[in-house]
Every structure is written in C-alpha cells, then in structure tokens.
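See structure below.
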Amino acid sequence: MNFVIPADVPPRKKDLFEKNSTTISKETDHVFLFSCDQKIEHLHDAFNPENDDIPEEAVDPEHFFKIGSQGRIGALATQLELIARYGAQYPDIPYIAKLNSKTNLIPADQKDPHSQPLWHVKELIQMREKSELKICGVGITVYLGSEFENNMMQFAAKSIFEAHKEGLIAILWMYPRGKAIPDETDAHLIAGAAGAANALGADIVKIKPPSATNEKNEMQALQEVVAAAGNTKVIISGGSKKEPQQFLHTLHEQIHAGGAAGAAVGRNVFQNNLPKAIGMANAISAIVYDNASVEKAMAFVR
Amino acid sequence: MNFVIPADVPPRKKDLFEKNSTTISKETDHVFLFSCDQKIEHLHDAFNPENDDIPEEAVDPEHFFKIGSQGRIGALATQLELIARYGAQYPDIPYIAKLNSKTNLIPADQKDPHSQPLWHVKELIQMREKSELKICGVGITVYLGSEFENNMMQFAAKSIFEAHKEGLIAILWMYPRGKAIPDETDAHLIAGAAGAANALGADIVKIKPPSATNEKNEMQALQEVVAAAGNTKVIISGGSKKEPQQFLHTLHEQIHAGGAAGAAVGRNVFQNNLPKAIGMANAISAIVYDNASVEKAMAFVR
Amino acid sequence: MNFVIPADVPPRKKDLFEKNSTTISKETDHVFLFSCDQKIEHLHDAFNPENDDIPEEAVDPEHFFKIGSQGRIGALATQLELIARYGAQYPDIPYIAKLNSKTNLIPADQKDPHSQPLWHVKELIQMREKSELKICGVGITVYLGSEFENNMMQFAAKSIFEAHKEGLIAILWMYPRGKAIPDETDAHLIAGAAGAANALGADIVKIKPPSATNEKNEMQALQEVVAAAGNTKVIISGGSKKEPQQFLHTLHEQIHAGGAAGAAVGRNVFQNNLPKAIGMANAISAIVYDNASVEKAMAFVR
Amino acid sequence: MNFVIPADVPPRKKDLFEKNSTTISKETDHVFLFSCDQKIEHLHDAFNPENDDIPEEAVDPEHFFKIGSQGRIGALATQLELIARYGAQYPDIPYIAKLNSKTNLIPADQKDPHSQPLWHVKELIQMREKSELKICGVGITVYLGSEFENNMMQFAAKSIFEAHKEGLIAILWMYPRGKAIPDETDAHLIAGAAGAANALGADIVKIKPPSATNEKNEMQALQEVVAAAGNTKVIISGGSKKEPQQFLHTLHEQIHAGGAAGAAVGRNVFQNNLPKAIGMANAISAIVYDNASVEKAMAFVR
Amino acid sequence: MNFVIPADVPPRKKDLFEKNSTTISKETDHVFLFSCDQKIEHLHDAFNPENDDIPEEAVDPEHFFKIGSQGRIGALATQLELIARYGAQYPDIPYIAKLNSKTNLIPADQKDPHSQPLWHVKELIQMREKSELKICGVGITVYLGSEFENNMMQFAAKSIFEAHKEGLIAILWMYPRGKAIPDETDAHLIAGAAGAANALGADIVKIKPPSATNEKNEMQALQEVVAAAGNTKVIISGGSKKEPQQFLHTLHEQIHAGGAAGAAVGRNVFQNNLPKAIGMANAISAIVYDNASVEKAMAFVR
C-alpha cells in the first residue's frame, strides 16, 4: 500500500480506500489521471476543429470514453454527470468524479473565479450503488487567492471528509488565481498551495508546474513543492498540447528529477485521433507506472 | 428506445424513464416541445394584443392548454404552478415542468441574468402523485456566462440528478447571456453550451440556432453543436413569430441538414387564434415526428 | 364553488380549501380583504394622528381587530404575529396571514425593495392548530423588477405550494417596483404581473389599478389585466384615503366595468373612527358581495 | 396576569409563559431589565477605567452577576454564553438571553449595522435543560432602516415564534439606525418601530426615549409610542451614565407621564462600584415595581 | 480543576471536559499551545527555506508532528484534516482542531478578512470516534472589526456551544483586523476582544500582545486585557521568530507581570531544526507549566 490512510477513513472503509488507491495507482505509488472536465471548464475551446489541428472526432464527448476504455490510464476524471451519461456503456473504466466546475466565459477582471459545487459525495454514492460503476474518488477545484477561495476551501474540506468516510480517494485541483495573484506559477505560491492541500486533507494534489526561481531551476522548484505537500501526492497538469516527445520528456523529468507522483493529462491525449490518443495514454502510463524511459514510451506514440 | 438511460436513473425507475421519453418523442428519436413559460419570462410582451397582431384570446393562459389538448405536441413546457392551475381540466396533455424562471424587467446592463429556483423535483413528485397529471420531465434555464452561471449550473445539476432518480426526463434551456457575452449566437459558444449541457447530464438541450461562422454556414454550424452535445439531444428554440412557411422551412433544415432532434416552439404557435395555432402545432409535429416535407406540413396551416 | 382548486391541493385537503374560499368570498366569486399590514409596511405614517386627519384611536393596533370583528369583511390580512397577539381576543375574524414584509425606511435609490420571509406556512399551521384561529390563507408580496425579485418569486412559489398542500388560499401582492421600473402602474406591466401571479400559482392577485394607455381607458386596461390573470382572481388595492363616495364609485367601476373580483382596502377603512370605519367596511362589502349600487352602499357610510 | 398570552404559545406552555412573565415583572405589569450585553456591543468602551470614572472592578464580567444576585432586578439580560460562563455560580438570577449581537467597530458610513444570530432558541432550551438556569426569555436586536433590516426582522420573527413555543418571553431591542436614518430618536420613527415590534410578535419592546416633536413634548411623544405598540410593553433604554437623581427622575416621568412599562438599564448601574451599583438597581426597582417616588428611590442610592 | 465548567457542558460530559482541560494544562492553570495552522494561514511564507534562515526540514508538515511528539507541549493546534493525515502515526499528541482558516493571499485593501468554516464539531466527533485520536478541543479564528465579523462570531458561538456539548475545550483566536481597524494591537481594543471572547463562551482566548498606552506599559495593558476576559484564560501569540532568550524573557513577563495564562507559539518553535525545536518547546513548557525562570528555561535551548 503506497497511500497514507487518513484518520477520517472509518475502519470498515479502509479496505475500500486501499482498493481504490491500488486501482488508480496500479499498485505503484504513482498516478496518471486522464483529465476530461473541459466540456465545462473550456467549453468548445478544447474541442473546436477549427483550432489547433484538433480532429473532428474529438468533438464527441464519447471520444474521452473510447480512449479511457482502450488506452491504459489510472482513472478518467470528469464531471459526475458525464460519467452518468456514458458510464453504462463503459463500465470498466475507473473514474474520478469532479464535483465542481465553472466555464471560462467570465473574464478575470470582471469577477474572481468561483467553482461552485455541482454535486456532493452523497449523490456519487447513490449513483455508484445503483449503477455499479467503478468510481474511485472525487475531484474538487480550489482557486486559492480568489475572493471566493473560502467557499471553495469549504467545499473541498467537506467533500474530502465525506469522500474519506466512504472510502474514496480525494484529489484537489489547486490553482492560485484571481486579482490578487500576479503570477500563477510562482514556485513558492505553488508550494504553499500544495501545503494547503495537505492541510485540507487531500490524498493527491494536482498543480501546474512551478516556474524556476532565482535560486532554483524548475525541477528544484518542483522538489520544494513536493516537500511542502508532505504525505499528499503531487501530480502535474499536462496543460495545452505539445509535441509528444517534448511532453513525455518533461513528464519524465517531473517524476524523476522533480519528485512528482505522476500527471493529470487531458488535451495532450484527447486532441488526437483515437489511435494516436491511445498511444499517448499508453506512453504516459509507461512513464508514470513502469518507470519507462522517454525513448521506450515514445514507442507507443509512433 | 431512442434515449440513453443515464446511470443515475435507478433500475426500478428505468421503465418510467423509458415511458416518459417515449411519450414526448412519440416513439421516434425526435421531440417537439410546446414552450409556454412566457407568462413569467416575457410578462405581457408575448401576449399584448396591441403588439404584433396577436389575437385577444392569446392573452388568456388557458389558450396554451386549449392548443396543447387539441393540437399535436410532444409536451407542453411551462412553470410547475401553471400546470397546477389548469392541469385538472387538461389531464391528458404531457407536461414538462419548468422549475426556474425570471422576468424580463431588469436590463442586461443593470444586473446579469439570474433564473432562481422556484420549485424542486420533490414538489413536482408530490403534485404528480396527488393529481395523476402526466408530467414527463423538468426544464431548467442556465444563462452561461452570467455572473450567476454557477448558481444556475448548480441548480441544473441538482435537478437533473433528482429528476433521473424519479424517472423523469431532464431538459436544459442553455442560453449564453450577460455582460461577458458579446454574441449570444456565436456557433462555437453554442457548441460549448451544448457540450456543457451534456456534462451536466441533460437528456435534451434547448438552444438558439447558431450563426454561421467564417468557415461554416448555419446548418454546418448546427452540426458542430449537435456533435458537441454527444448523447444529449439538441432542440432548437423557435424564437419570435415568423411567416409559417419560412418558419417550417427553417425547422425542416435544422433537422435534416443540421441534425437537430426537434424544436421548442412557443410564440410561432400561440400567437395565433386557436384553429391556426392548432394547425401550426400539427405542422411542426408532422416535420418533427413524421419526417413530413414542408409542403406536406403546410397543409395543416392552410 | 367559485374558485379553481389547483392540482397541488391534495384530495384530502380539497374540502378545507373550498371552505376557506367560501369563507373569504361569502359564497360569491368576489373577495374583500381588509388590509392591515401597515404597522410594518408604512410604520407610523399610516397611523400618525398629526397626519391626514387620522383619529387618535387608529394608532392602537387593536383598532384593526375591532373593525374586523364588528364590520363586514372577507378576511383581515395582516402579519402572522399580529394575528398571534390579538387573535385569542378576536377568534371569529377570518384571517389571511402575511408571511413577508419590509419597512418603508430605505429609499428606492439606495436599494431595490426586498420583502424577506418572516414566517412560513409551517409556522402558520402550528399556530392555527394550537389556537383554533380561522386562518384561511396566506399573503406574500413580490416586487417584480426589483433586483431581488427572484428571491421573492422563490418565496412566493414555495409558500403557494405549501399553502395549497394545507388547503389554504394563496394571495400575491404583485407590485412592480425598483430602479428598473419607471412607471409602476403601466397597464401592460400590471397585466404582466397578473399573468406572472397566475404562473406562480396564486389564487388571488392584488394589484394597483392600472393607468389608461393610448388605446384603452382605465377600465379597459383593467379588463386586459383580468384577462392576463387567467383563472387567478384580480383584486384592487385601495391605496391612500379618498372621499368615501368617490372611493366607492371607483370600486364599483373596477368590478362592473373592469372585471375585478374585489378589493383589498386598508387606509380608506381604518383611518376613520370605529363607527365610520365599520360603515366603510360594510359599504365595501355591499358592493363586493351584494352587487349593491354606490348609492345603496353609501347608506352604510352616512 | 399582566401579560397577553399570544396565540403562538401552545396550551401546555401557557403556565410556563405566565411564570416567566410573573418572574420578570414581579407580579406587576412593569419590567426592569439589567442590560449587560456591552461586552460585545461596546467592547471595552463601557468598561475602560480610563474613561468616565469607571471603577476598576467593572472591567470584570463577573461584576454584572454580583450586582444581579445582590441587587433587585427583573432579569439580567446578556449574551447566552455569558450566562453559560457564570450561571452555575449565580443560579438564582432570572436571565434574558440575548441571541444576536455585533461590535461597535465598523463605522456607520462603512456598512449599515447588522446584528447576526449567534444562538437560537433551540440552544437556549438545551442549555436550560441541562443546567436548570432560570432563563425566562430571549432578546433580539433589530436595526430598522439598516440595509440588513430584513435579515434581523426575519431572525426576530423566527426567534419570537420559537420562544413562544417554549413558553419564553420575547423582547425586541428596536433601534432605527443606518444610512437611511437621519434622526434615530425621531418620535414618529420610534412609534413606528414600536408598532413593528408588535406586528413581529414581541411581548416587550426596548426603545430609546423619543425626542419631542413640534406638537408634543417628550412625554407626550412617548405616549404616542406606547399607543402604537398596542399590547406590547414598552421599556426605555437607560443610555450612558447620568447623575442618579436626574436619571431616576427621568425614569419616573417615563413611567408615570409617558406610560412606559419600565426600563432596561446597564451603564447607569454597573459603571459604579458594587455597593453603589446595587443601590442603583434597588432604586430603579423601587420606581419600576413599587411606584416609589424619586425621593424614596434615592434613599437606596445614598 | 483550574477551568470553569460552563453551563452548556452537559452533566454527562463534565468528566471529559475536565480531562481535556487537565491534559492541555498539565494539571496547572496554564496552557501552551503549539500553533501549527500556518500551512493554510501563511502558505509557504512560514516554511520557505529561502527566508529567515528556516531549515529545509521545516518544509515538511510532518516536522510539526515530530516536534509535538518528542517535545513537551500542551497541545498541537492545527487544521482538523492535517490531524487526519498524520494523527494515525502520532496518536499520543494532544490535539486542538482548528475549524476555520484562510490564506494570506488577498490584500487587506481588496477585501476584509473572512475565515470561513471548513469543518464542524460534528465531523471532529466522527473522526475522533473512529480513530481514537486525543483531540481535546477546537480553535476558531474571529477577525473582529472585519466586515465579515458577524459570520465569524456566529461560527464561533455555534462551535463553542457544540464543543461544550461534547466535552471539548473551545479556544478563540481573537484578532481585530480589517479596514475599520487602524491599530491591531491597541490595548483597549484587545481588551474588548478578550471580553467579547468571554461573552461568546470561549474557555481560552488567544490574542496578540497589546501595545503600551499613554497611561500603562505593556504589562499593565495586558493586565487590563486579562481582567476584561473574566473567567476566560488569556494566552499570547508568539508571532514571528525572535532570538530565544528575548522570546522567553517576554513570555515570562507576560505570565508573571501581565497575568497571561500561557502562550500559543508556532514559528519560534518550528522554524528550527528538530533538536532545537524540541528544546524551544521544552523551554516554553518549563516557563508556562513549571514556573521556571528564563535562565532555567534557556538550559533546554542551549
């Protein structure tokens, strides 16, 4: 077992918590989340075939599920109800249910970001029980530094507590953002966000890669973030689409030089046609779970 | 069965969900909603006999129900309590209960639009049980891009979950609107809204027809919206009153060229005297449910 | 029975609903409410003996109850707790319990009007059960067009549903007001408000008399309002004190030419000494319930 | 019995309500509250020995309880939890539990006053049951005219209803205050506030003494306030410290010329050393409860 | 027993309350809290090795727990979920669970400080029961004078009541702060805050050391604060890192000259390597619990 079992997991749920952590970590201490919450977070921007050389088939939300069922991933992370709409067809995918979301329509200078609750752990449990879907955990976004940060911290704290009570893994998307945040990837800020995630009880925290500081390069900065997160695992968000070799190289470094426990990747996977997307998922899994070299992982892409 | 049964419909409610979807789709995979929520949404503007050559009889809310009972429609969609006030007299109409609404009194530049909950699924169920009305589903409006979008997304998510738990169809009115939205019919924006409706769990999403883009004409733009909506059915709002032939021609194109699953039409039906309104309802049903040509459908209007 | 029984009244409460409607309508299809909510709504302005030639005795809240018990009225409408404070002494008066209220202290340009809930149907039922008071229904104010309209519509919708569940009559005070409302008695606006009250489920809507339009005189304007309200009864607020003959003449016209179902009158009754106030109540009842002429009604005043 | 028993007191609680009213009125129809909520309302300003010649011993909150147990008072009114901290040592004092409070830190022009709920009747009942303290009633402050007046009216209405349900006396601190209130002691405004307290269901309303008007002197103004309050008893707040003879003279006039039912006095009592404070309490009680003359009451002070 | 048992502790929980107070006071009437809530309150600023000569090992949240288990402390005070993440490994440390928190990201002039609830006593109890951790009490921060002070006072009041109901000690972090507070350490203001904590029911109040006034030096000012707090114990926050001898000297004075009941110290302990941190903890405990002189306490540091 490579996950700490926190004290708010009741004794009779410890086996389930362990099973869920084993599922998404494939019995390692690493995790690869396939991030698929962009249908609300980015609306059409992440799918528009007129942009960025995205294939037509990526527009269909089912594209996520085809990749998730045919490619090798730790878990597919998306809004609870997207799981509801496709889960019966894809019952074998391990899922992480995102519980809050916002669109990208309101500009930062109009209103600080606020990701309000859409669902609660209670609803997840009701749905899991009636459908027997493999939902292993929950995801919640917190925009630290937003004028609404406390609403989101409150929802995060509550959801983590409820998730642990049910033996579910709790993952925070921890993003400093808002009028008070001049630099969202400042290394000390990201380290603080990771530490806050630990104090909020997260099993895993997803962050953006921290920038280099005057004294530390990017990977040393990441080490500091990982240290600040304590016994919460740090996974790195994949961000916008990059050249595969370069993307995998960075990922390999984040794990081996930076100490990250894995990655949460969306666009770099699904903004490809199905075979290429499956290849990318498999390449990422090779690095995250099998300690593969970049060269070896690239074999899945070609 | 032409509707996906989402995973949050419990096994013992699947038959009811199927019955409700069969009722409003008349055993096709298409839907025609008769939209009658304007008594709150437009106040007197949609009924004022001094405007637009609206007949006196349209002022009476019972006009909706006369049309709904004598004309051919999929379901009459209106506020829960308007159903309560006329339902006992018109028990055979299939209904969709709108759960939120706002008036048109507050100008856009004074306050972003906010459609707050008026009723919940719980009350619908209580009323259905004691009255045996044929309420098949719920409708919720979400103004994406409004500063209050998250309140509405939250209510939509909650209502959809509760509706499915009771075997009801869930329909979202998905309208980008507010200070942050310069163009409410931008095709990519509407596609994003349709995708968000899918991630929120809607069975059907009602949208305004998207505008043409630089690269796509209106019907191609609609195809993209339909693709983005995944397994959520897209129906098009009828908007303000048009010449019948032109209206039916556009509707026919939206379905056959654009891939829409139907329409939600109000003013183009009820802003007519009863016989003409019934004719329009029948003409729309012919196109939506029977694959009739515009010419054939026009026979009901003349 | 002259009231529609809406579908949210459960079968076992239909008799009570009918009894309550029969009580306040005196077995006609008309209603006269004695409006007594000014102790909060107007504070001292409606009672100040230094104003408008108001008698000293009107300052005492018991004045309402003396009039209500000795004069002929449909029901005395006031805040739930004012009923609690005097009801045991005046158990034979039929009451309508106002559930929300605000004072008149905050100027319109400081903050849009917001009448927040003070009590709920649940508390009314508890009180009625332990005291055996004759509470026949509830009253809720909605300021349409206020930035808080949706809070009030939400409370109205909820209260109406709960009232009907308990066999109580639901009455809306429907007043367009706020920065977005340039003309509070615009006929189309009032018609819209009446239609919205119908869609919110009100059995009775209280409005201010609509102004004449370019095309219609005041009574024709009122007819349009009555038509827009559908099967919701329209009653007219009495407003500030007028000369009795003139007041009764207008009331007679509103009913016979305008189609109103009655009136809600406060100041024109209670801003008189007890005998004169009783006379006014009796005169109004003669017109509302007995189809008396103005001349005949004036006999009660002299 | 000199108190009205309102209709929301259930039959099985009428004895308790009567007992509580008898306790605080000492079987008269008058009331003297010893007001001790300044530890939150005024913070250190009412206790600072550097001010106003306040003795060192007044700083200790126990000073309230020493006075309350050794002096003659109707009830000691303070925050629920201050009762919790000293009540076990002083179980024989009758208490009124203040349920809401605010500090004096935020200036009027920064934000209108808002006294939010700190406790509810439910908690009072739980505490009373486990400790057997003599808690006779509740106190709630309402700042009429504040932009938050409706929140406070709502809490007042709810607390009064719940208090009556449990046989407790309900007292409102009714203070017009905020940007919309140019003159907090305007006689008509105070009369309106007293009338609103009656409509909210208060058994007793505490007000500041109204100013004279053009037509009435201070005591005539108070008579009007008392009339407007109907069957709610009016008690006058003592305000800042005055010379004892002058203070008692005013109190005597307020009762005998103005018609007040008593007073709520804090600083004029506790800003003295213990013997003098007990003397003041006894002097006030002599006037309030025994119809003593000022001269006779002054014997307790000297 | 050196703690008052307040009246809201039910009889069957008095033993537990006494046990908890004995644990954190080590059978004296003094308390030393090891403050470890900075992972959220200060984010990375209190841990950044690039600052203030903080050792690398302090970045790891486990550093708190190593110190807490090997050093001598009254209790380790930190967020509930940080206890959840490390408590199973460190079951012998007595804990105080902080229930609310905020980050330091939003500048004072952007928004007044607001520490919203993250957890409630209910969750603490659930966790304690399933894990058998030694959680002795709760901590809540209140920013008096903030525009949100009442939300925090409300949460404090509720949490204190619930904590006492469960036999837990309740501690308030009482910090005047916000646009309305020009001087956060003004002695009268701090005295007022301590008095308010007493009226809110706190067993212990943590304050910043008050500044000298024109008439009193710092220790006399503290005496006034202690007097104003009544039977609530006053402990002083340690603040930013100082030279050990100077820090311990001040602490000794605060207790012996100022009358404080102890201290809550974080950075002056944990911003050291483990052996030095343990030494500081032991030195502080010697002064707080054993009446040791500064010289004797310094033996632990060297």
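The first chain written gets the first letter, and so on, giving A, B, C, D and E; residue counts start at 1 in each chain.
In this text, a contact is a pair of C-beta atoms (placed from the backbone, for glycine too) under 8 Å apart; a residue touches a chain by one contact, two chains touch by 3 or more.
All figures in this text were calculated on a predicted structure; none of them were measured in a lab.
With contact taken as defined at the outset, there is no chain that touches subunit A as well as subunit B. Hopping across touching chains, the smallest step count from subunit B to subunit C is 1.
Note on chain placement: the centre of subunit B and the centre of subunit E lie 57 Å apart, centres being C-alpha means.
Work out the mean CA point of subunit A and of subunit E, and you get 35 Å between them. The set of subunit E residues touching two or more other chains is empty. Each chain touches its neighbours in a single ring, whose members, counted from subunit A through subunit E onward, are A, E, D, C, B.
Contact residues on subunit D toward subunit E in their complex (touch as defined above): 37, 39-40, 42-45, 47-50, 56, 59-62, 78-88, 101-103, 105-107, 110-111, 114-119, 123, 126-127, 130-131, 133. Subunit C contributes residues 4-11, 144-145, 147, 149-151, 153-154, 157-158, 160-161, 164-165, 176, 178-181, 188-189, 191-193, 195-196, 198-201, 213, 215, 224, 227-228, 230-232 to its touches with subunit B in the complex.
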